[in-house]
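Next up: the structures, one after another.
Next come two complexes built around chain A: one with chain B, the other with chain C.
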Partner chain A sequence: MSQRSAGSGARRSRPGRSQVILDDDEPDVSSQPSSSQVQRARCSFTPQQIEQKVAEVVQFILIKDQKKIPIRRADVVKHVVKEYKGQYPGIIRRAGQTFEQVFGLNLVEIDSKNHVYILVNKLHPLPGEPISMCPGSPKTGLLFVILSLIFMKGGTVKEILVWNTLKKLRVYEGVKHEEFGDVKKLVTDVFVRQKYLEYVRIPHTEPLEHEFRWGARAEQEVSKMKLLQFIGELHNEEPQTWTQQYREAASVESNPR
Partner chain B sequence: MSRQMGDSHRRFLQTMMSNGVISSSQASALHRHCCETHGAHYSQEKVEDFISVINAQLQPLFMHIRKGMSEEDGLDYFALVNMAKTDITKMSSDYADNELELFRKTMDLIVDSENGTASSTDILNCADSLQTKKLKKKETEHVLNKFVQDKWLNEIEGEYTLSTRCIIEMEQHMRTIYPDLIKRCFVCHNIAIQGQICENAVCGIKIHLPCVARYFKGRTDPHCPSCNDFWTHEIPEVQQYSSQTLQSQSSCAKENTAGPSTSSTLATRRSRRS
Partner chain C sequence: MAESRRRVSRGSQEESAGHSNGFGGRNRTERVADTGDEDEGAGPSGIHEDDDDPARRREIRSQYRDLINSVHQNREDMLNPANNKLIDVLEEANKLFANVRQAREAALDAQLLVLATDLGREKASQLHAEGSSFDPSAYAQHLLSFMGLNRLEEEDGNEDDCSDGYLPPDAWQRLSKRVESCFKTAPSFHYMLGSFLVEPPPPRQRIERQRKAPSKEAKRVMPIQLKKMEESHQEATEKEVERILGFLNKYYADNSESPIPYYDFVIDPTSFSRTVENIFHTSFLIRDGLARIYLDSEKLPCIVPVEEGEVEPGGATTRQQCIISISQASWKEIIKAFDIKDGLIPPPEEPSQEDRQE
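Now for the complex of A and B:
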């Protein structure tokens, strides 16, 4: 909690040298003797300084992940890495190793063009935990219903079908829900930003229509096979009853990402 | 003995991260669960060793799993604390500036008070004078609720106290900003916020309620352990399950339903005020 920032506020001071702001678009250093100072600054980060940066990046990502907000490289550089930008690939690789070794989390790049990352848990919650590993939120239940619907309908569903389904659970598009608040915002905005859902416009529709698909985080975190087994239990059927879905779930299972 | 981090440690850490604070009996049960789940070697009495393996890895990341005693039930708890003071952790909280100011004011009131509590009325009053941005009465109540939910404050019948998690995490900070106000418990020597103070103005030592209960247990004529004056306060009962090492999972289940503060501390506090 940031009350502590009101205290001594002892920021670890860095040697002044590393404060030199670097022009980071690979300069042709060799042809410019005057930039030798810059070059020295670039190489002058000690292993301890790099270590410190890695730790800061790990903390930054953990904090962002608490709200399930995907992490953009641009933000990591702007808020944490700063003048260490030239060292970014090494730093992010080390951060990834730390997540794996210490926390059992995978740092996954879900968008390699814009460099967007999420954390995916390698350890799954289990029944019979003395204290829950991820205290459940009712919102997760709502999300699960929507993901199931999309999966069972072949990967894409029109928005109207989602709302009609939720209506049966007494969750209404325009009505403030006791638990979920503004449901429309939760489903079409929050879940979408968290990358659990994709919400896209269907082209050439008048009036405007949207459809839902699984988002990148759902693809990483949610097991289609487990979902299908759950649906099977509800219907008292074997998961194999749904041939197409079973095939897809099995193929994901056999090709671990 | 292996000092290597395994999945059992990682599972333990993740559970700590999502819960913030757990009682030592929960920690024991979780230790066992994690070891059994991942087929790691398990020995009942080694929970602290197990945690120290995790702490060794957390140390470079400015995090630490730290043990501390609850001032309410006298039991040990483990909290995951953040030791960094960089800009990054400032962003860690979901709290707005005026909410943080309200927290600081609440902490001032609690530390200033003799018994370590602040009434909701007093807190609501100081919400009017926030410098960052004033909070309406309704908003203040909402924010206070959030502090309780996030386990930074405890609340019983309109009286707020600092939670175990808060004390474990903020002890150092509180010592820095209230150097003259923070006392140590005369019995257990840990930081004492809630407790009883010797009425002898020259003495004025402080003792935690659970420590008072244990120290004066069975004595009909209690005297201050420091100045030997008569101890005027009501002596609370020793709680039934305060022998920590013998705790089983059943008491862990009990805590889950009853919450961290129990009825007997409540009774003590009421009798003190009357």
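Now for the complex of A and C:
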């Protein structure tokens, strides 16, 4: 909230904004600071109206992002943009600008065919500084273990290897974990829907086998170099020890997507 | 070559030869050394006996299955670059294959081959052309150390055994904290005062409840009412008929000489509707042959109960039907004409009447 209002302030440093919030009269966007424009522009598609839509889209995406499930264009259009559909490219571009300039986030289209977006932090976390105020979720650790395993194994690992490794870490495939709950579901469903992992059937296997790969969100969010550095730290080795992985990490680093 | 000769000599087992081809190709040299000569020596007839021995075939199959199972179970071990178990398995399979004669066994052999190939592929993928390889179990051990595993005194035990040691409750938290910096996750957006109350769901529930409740009640009440009415109606009629028969028998027993005039019997001078009911019920007695009506010397109808013995003799032939009609006026007229003071059939008791009405 504070973040956002600071944002809108920056976007339109207009005096009297706080009063506008008070006499906000549109219930479904009740916390929209920019709703002054509702009153100001009741005629069709003025720049102010577009601005208003952009703000709505920003808020919609922010809230949708809470669950880290990628956001689909179809949903944005259906729930927010509606009759402004023709203006969509402009609106989403400006929403992206807002995210970048105001929130320090990047709105990334991870699937340009189906138009699916995620939000990625644009700012690099400072070492030793907590990223968020809330304590990190232990799930991040679990996800890291799986992602690192995939990365170190050349991009693909069989499901069985993941479970065998997790077993050593006291996480069992079919057993409810006190922190992760239904681990199987978390790994093969939640992480997959969040696009951290890809979970695909290996063809021609009997019985059925699956393998894991990095999902599109992981590619955007996770720094391979940092991952490799940590792994080196654990093994008490230089990251360069793993030549191939190091090369890959370095190439991503030098040409960020 | 010996291999091809062997195939020809088997003749009927083209299929089996086809199946085992891949495997055969792989082990050709060994197999030729092992079995080629024997095959040649044994000749077609000898092989034929061998082929059809079900016990032997069963044994081969079970050995194959054991081998396949052990590969499945020791998969991780076999993948370890430090051992040669995969080769052991292949050699074992070669020995078994020497005795394979039919398609079914050969299919198992092929299945094992698929497994072995798969393992081989994975083992190959572990060989990094450059740089050091990555060992997941070593990695897991490092992670455990990082997460603060208290290894107790089992430290000296073997590394793979992961059931020892005590992992502190904040183990994953600790790892998460460290690795968070690898993620550029956008902090998720939350309202400082929590999200607004989501109102819509409760009303929807309420509507459902309201809808459900009356329909349930209606369902519960309707069938019971209907059932009861039907039941009581039928019962009431039957009861009434029996009751009237009781009276008829009683009057007849009291004085079997004098006939009971029909009108005296059915008419209730105090109630026209009771009269109609009596006529209705009495008609059942007549229909069922429990009573009969005849005309006396004055051509007036009289009613008597039919005694046990004489129920059947007349049969249907002597039966006649007639319809009695009575109106309020004729009812009064009859009462006057016959000077009827009291109904012979007393009205049923109050409670039963109430029952019926409910």
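Brief remarks on what is shown
In the analysis below, the second predicted complex is superposed on the first by the 205 of 257 C-alpha atoms of A that agree within 3 Å, B and C clash if a C-alpha of one lies under 4 Å from a C-alpha of the other, contacts with A are read in each partner's own complex, and residues count from 1 in each chain.
Operating definition for what follows: contacts are C-beta pairs under 8 Å (C-beta built on N, C-alpha and C of every residue); 3 or more make two chains touch, one makes a residue touch a chain.
Everything quoted here is computed from the prediction, not taken from an experiment.
Using the contact criterion defined above for the overlaid structures, shared-chain residue A:T243 touches chain C, although it does not reach chain B.
Legend: residue contacts after superposition of the two complexes on their common chain; A:I63 is shown touching both chain B and chain C. Applying the stated contact rule after C-alpha superposition, one finds that A:A55 touches chain B and leaves chain C untouched. Contact with neither chain B nor chain C is seen for A:G174 once the two complexes are overlaid on the shared chain.
Applying the stated contact rule after C-alpha superposition, one finds that A:V222 touches chain C and leaves chain B untouched. Using the contact criterion defined above for the overlaid structures, shared-chain residue A:T140 touches chain C, although it does not reach chain B. When the two structures are aligned on the shared chain, A:N121 is found in touch with chain B and with chain C. Between chain B and chain C, it is C that contacts the larger number of residues in chain A. Once the two complexes are laid over each other on the shared chain, residue contacts for A:P47 go to neither chain B nor chain C. Within the superposed three-chain model, A:P203 lies out of touch with both chain B and chain C [touch as defined at top].
According to the touch criterion, the shared surface of chain A, contacted by chain B in one complex and chain C in the other, consists of residues 1-4, 62-63, 103, 105, 121-122, 131-132, 135. The touching residues of chain B, when paired with chain A in their complex, are 5, 7, 10-11, 13-15, 17-19, 22, 26, 29-30, 32-33, 37, 57-58, 60-62, 82, 84-95, 100, 103-104, 107, 152, 169-170, 172-173, 176-177, 249, 252. Contact residues of chain A toward chain B in the complex are 1-12, 51, 55-56, 58-60, 62-63, 67, 79-80, 98, 101-105, 121-123, 126, 128-135.
Per the touch definition, chain C reaches chain A in the complex via residues 75-76, 122, 125, 128-132, 134, 136-147, 162, 167, 172-193, 196. Within the complex formed with chain C, the residues of chain A that make contact are 1-4, 30-31, 62-63, 65-66, 68, 103, 105, 118-122, 124-125, 127, 131-132, 135-142, 144-145, 148-149, 152-154, 158, 160-161, 164-165, 167-170, 179-180, 220-223, 226-227, 230-231, 234-235, 237, 241-246.
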